[in-house]
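Next come two complexes built around chain A: one with chain B, the other with chain C.
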Partner chain A sequence: MTILLDIAGLSVCYGGIKAVAEVDLVVHEGERVALIGANGAGKSSTLKAVAGLMVPSSGQLLYDGTPLERLAVWQRVGAGLCLVPEGRGVFPRLSIEENLLMGAWHRRRDAGVLSDMERIYGLFERLKERRLQPAGTLSGGEQQLLALGRALMSRPRLLLLDEPSMGLAPLMVEKVFDVIRAIAGSGVTLLLVEQNARLALELCDRAYVMESGKVVLTGKADECLRDARVQEAYLGGDQS
Partner chain B sequence: MATFFQQLVNGLTLGSIYALVALGYTMVYGIMELINFAHGDMVMVGALVTLSLTHVLAGLGVPLALALPLSLLGAMAVCMALGWLIERVAYRPLRRAPRLAPLITAIGLSMVIEQVAALLWGRGYLTFSLPVSRVWNLGGVVVTPIQTGVLGLSLLLMWGLLWLVRKTSLGRAMRATAQNPEVARLMGVDTDQVISMTFVLGSALAAVAGLMVVAYYGIGNYTMGFMLGLKAFTAAVLGGIGSLAGAMWGGLLLGVVEALGAGYIGDVTGGLFGSNYKDVFAFLVLIGVLIFHPQGLLGGRAGEKV
Partner chain C sequence: MKGVSCRWLVLGGAALILLPFALELLLGNGWVRIVDFALLYVLLALGLNIVVGYAGLLDLGYVAFFAVGAYVYALLNSPQWGLHWPIWIALPAGALLAACFGVLLGAPTLKLRGDYLAIVTLGFGEIIRIFLNNLDSPINITNGPQGIELIDSLHFGSLSLGQMHHVLGLRIPAVVNVYYLFLVVVVLGMVFSHRLERSRIGRAWAAIREDEVAAASMGLNTRNLKLLAFAMGASFGGLSGGLFAGFQGFVSPESFTLQESVMILCMVVLGGMGHIAGVVLGAMLLAILPEALRAAGDWEQMVFGRIWVDPSNLRLLLFGMALVLMMLRRPGGLWPSNARRNELQGQ
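Up next, the complex of A and B:
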């Protein structure tokens, strides 16, 4: 399997504080990788470095064999790398349709955009009904679905998802994860950050566990699910 | 009653010029929360370039009907280039600096532009007269072709700008950048370029406003951008800074308030204050808005930001 994303010795700092410390992480083409850990472990900071929102203080990021530092944030989508940020980041005063079009910004002159939009409306009936309304009027779950749809509009090769279940009711979480599973099934490579470790581990092939900026455990997702330390810290301890 | 309608016409003409300039303030504010105090001077540059080019072309024997639009295009090109340059050189390096830094830069820039203009055009008043003597008399209300031209062109440009911001992909990127620049970048938008385009668009409108001012008043001077800039800024605040529709309504309203104020102040104060006090009204409006309704008429929730 070819390596799509290769993170080596990545450190990210906020002022003097090191939020990510010498992290090594690899994602193969077609793989689903989970990155789990407690609040403040440095998961979002890792994704932000990959997307270009944070400049690494050290380390090497390779995407499809090329160093990512050569690409500005806005150029990375065109290369197939798309981040759905923590808190979804929909444009509240743009309509749902305009939000979807923003996802296809780098291929806005491409005739395939409209058919992709129809395909996404097919996945999310609710979005189609309300396509001319401001995205800010959607519920949190619907906004998450919109953010996923918008990311799909960019035709990503590697999708980075930062806590897609955050703040959602259980039913909605299920729906969002169904969609993520469908996206992964269509061949998109996934790097999924989640606090809901069980959901993430059940969906993914491999996992990394972060604690205070460091990767403390990595392995097959089902092995992590059975790991005593993971169960203790992230799965409530009692299920085995 | 004739005075009322006459001043209404005068006010709408003037107000539509304020509106064009106010759009430049409000677009830049909407997209990067910066008050570009050098924007008023862009109007002056547009005015003086138009004026000089028209004289040069007329000297070459080009008929006015051709010289005027050509000069305007030239002035627009100069202003757009200058607006682009100012953003690039003066504001972009300060993107992450504290708010006060770009504000002070803007004031400094304004002085630099005025002094360079004084070197190029001198400190005196330059005259500009269009050979239009016809007027229309509508039941005691006098309307000149220049007034109708100013109003018509302003409305056309405002409609065009609204269309651009609401319907085109550049407009969509501008609104996305205004709402969340970080996510806009994640979606592939080169937000620096969008910001450049915003400055360029505002500067083009300022150039047109410059032509309108010299055509309307018949004179131009290197300091003319100062008061005009302040009034347009007032109009933008009145309408709710950041809101496009707000800048338009704010501009028209301010023009009308000022014209009516100037028309009646003599009568109301028994001749104590004359129409030369008209500038006071703009600042009374500004102070009043800031004290009683700082979000402006269409600001805050309801207003459509850039």
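Up next, the complex of A and C:
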């Protein structure tokens, strides 16, 4: 398997505070990788550094063999790197259709944009019915689906998902994860940041566990699921 | 349906063409002049609407661009430098330089939002005014607080809009000439704004306004798009300033105070941010109402036999009350866009 994303010694600072310290992380092409940990462990900051929304204070980020610092934020989407931000980040006053079009921003008038939109409407019936309504009128779960659909419009190679289950009802979480599973099934590589460790570990192939800015554990997802420390800290003891 | 709207368009157009003559007959030339200035305010409000309404960047120093446009026209068309350039160079030059200043203001403030951005833009507006006030030494450029006088009136070749003309036996005074020019510019400005709002760029501005992080993660070049908004908005201001200088024949720094910036912002907010028709309405109302209220002194005299409240104070009092009432009753503005109205009703 070829390496798609290679993070080596990444540190991210907010002022004097180090949010991410010397993180090494590898994502192979076609793989599903989970990044789990408690609040403030540095998961989102890692993701933001990859997407270009934060400037790393040190470390080397290689995407498909090229150093990421050579790509400006707005060029990364074109290269196939797409972030679904925390809290969904749909544009509430734009219509659902306009939101989807924003996802295909870098593709301009590519003929495939409309057919991709139809394909996404096929996945999400609800969105098609309401495509001319402002996205702000959708429920939280529907907004998350829209955010996923919008990201798909960019034809990503590597999809960065920041807490897709946040603030959603359990039924909706299930639905969102079904969609994520389907996206991964279509060959898109995933890097998933999630607080709901069980969900993430059940979906992914491999996992990294972060604690106060450092990677403390890494391995196959099912091994992590059985790991005593992970069970203690994130899965609520000996439930499984 | 289409026939009806077409008829309204023709009727409205005819009304706008006849308006200055009606005003002149009924209220005198002074009122045509007031409407001329109101049209300049409409253009300013349309420009500020691009920055504040479309891109969501709060700008409290917008009058600076108006000043830049006015001084460019003044310097290129007055004895100050002995230049008398045609307006198709002087006006675009003002708009262009204003756009450059827009980028100059935008570049250092890219990371600022909301109140913080407002404070920097406010400072910028003051800096420009103070510069204009003090650039009479060591080299005299702006003539300092005295301002620049004897500016050539707006003219197309030998056809000056600053004089009375007779067309088919009809007397067309200067203020009416200028009215038609301003009307054309304002209509073009409205059409341009409308197209811009529905364009790819307009949609991108809306996305940045709503969620900048999400917009950036969709691959929008937020830096360039924000600078573009500043530049576009500023160019409207610069154009309006050039027209102002040519109409007024005199510019001085005191026309470009913070109060003017605040007034233009009030026009945009009162009318309905991001909605062209609303912005035009807001600008018209706020430019014309204070003038209309000047007559309040006469009414007071008539009703009470003496003047209780100075009309100029009364104007401010009513203005303040109107703004407070509006924010309570119609937070989206007098004439908000459909989307905004639905949203406010939904809440």
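As a convention for this text, the second predicted complex is superposed on the first by the 240 of 240 C-alpha atoms of A that agree within 3 Å, B and C clash if a C-alpha of one lies under 4 Å from a C-alpha of the other, contacts with A are read in each partner's own complex, and residues count from 1 in each chain.
The criterion applied here is as follows: a residue touches a chain if its C-beta (ideal position, glycine included) is under 8 Å from a C-beta of that chain, and two chains touch if they have at least 3 such contacts.
A quick note: this is a predicted structure, and the numbers were derived from the prediction, not measured.
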item	value
Three-chain arrangement built on chain A, chain B and chain C clash or fit	clash
Which of chain B and chain C A:W74 touches, first, second, both or neither	both
First (chain B), second (chain C), both or neither touched by A:A34	neither
First (chain B), second (chain C), both or neither touched by A:F91	both
Partner chain in contact with A:L53 - chain B first, chain C second, else both or neither	both
Chain B versus chain C as contact partner of A:L127, first or second or both or neither	neither
Contacts of A:T137 with chain B and chain C, given as first, second, both or neither	second
Residues on chain A lying within both footprints (that of chain B and that of chain C)	51-53, 72-75, 77-78, 82-83, 85, 89, 91-94, 98, 101-103, 105-106, 150, 154
Partner chain A, residues of chain C touching it in the complex	203-204, 206-207, 210-211, 213-222, 339-340, 342-343, 346
Residue ranges of chain A touching chain B (in the complex, touch as defined)	51-53, 72-75, 77-78, 82-83, 85, 89, 91-94, 98, 101-103, 105-106, 108, 150, 154
Footprint of chain C on chain A - complex, ascending	51-53, 72-78, 82-85, 89-94, 98, 101-103, 105-106, 134, 136-137, 150, 154
Residues of chain B touching chain A in the complex	169, 172-173, 175-176, 179-180, 182-191, 304-305
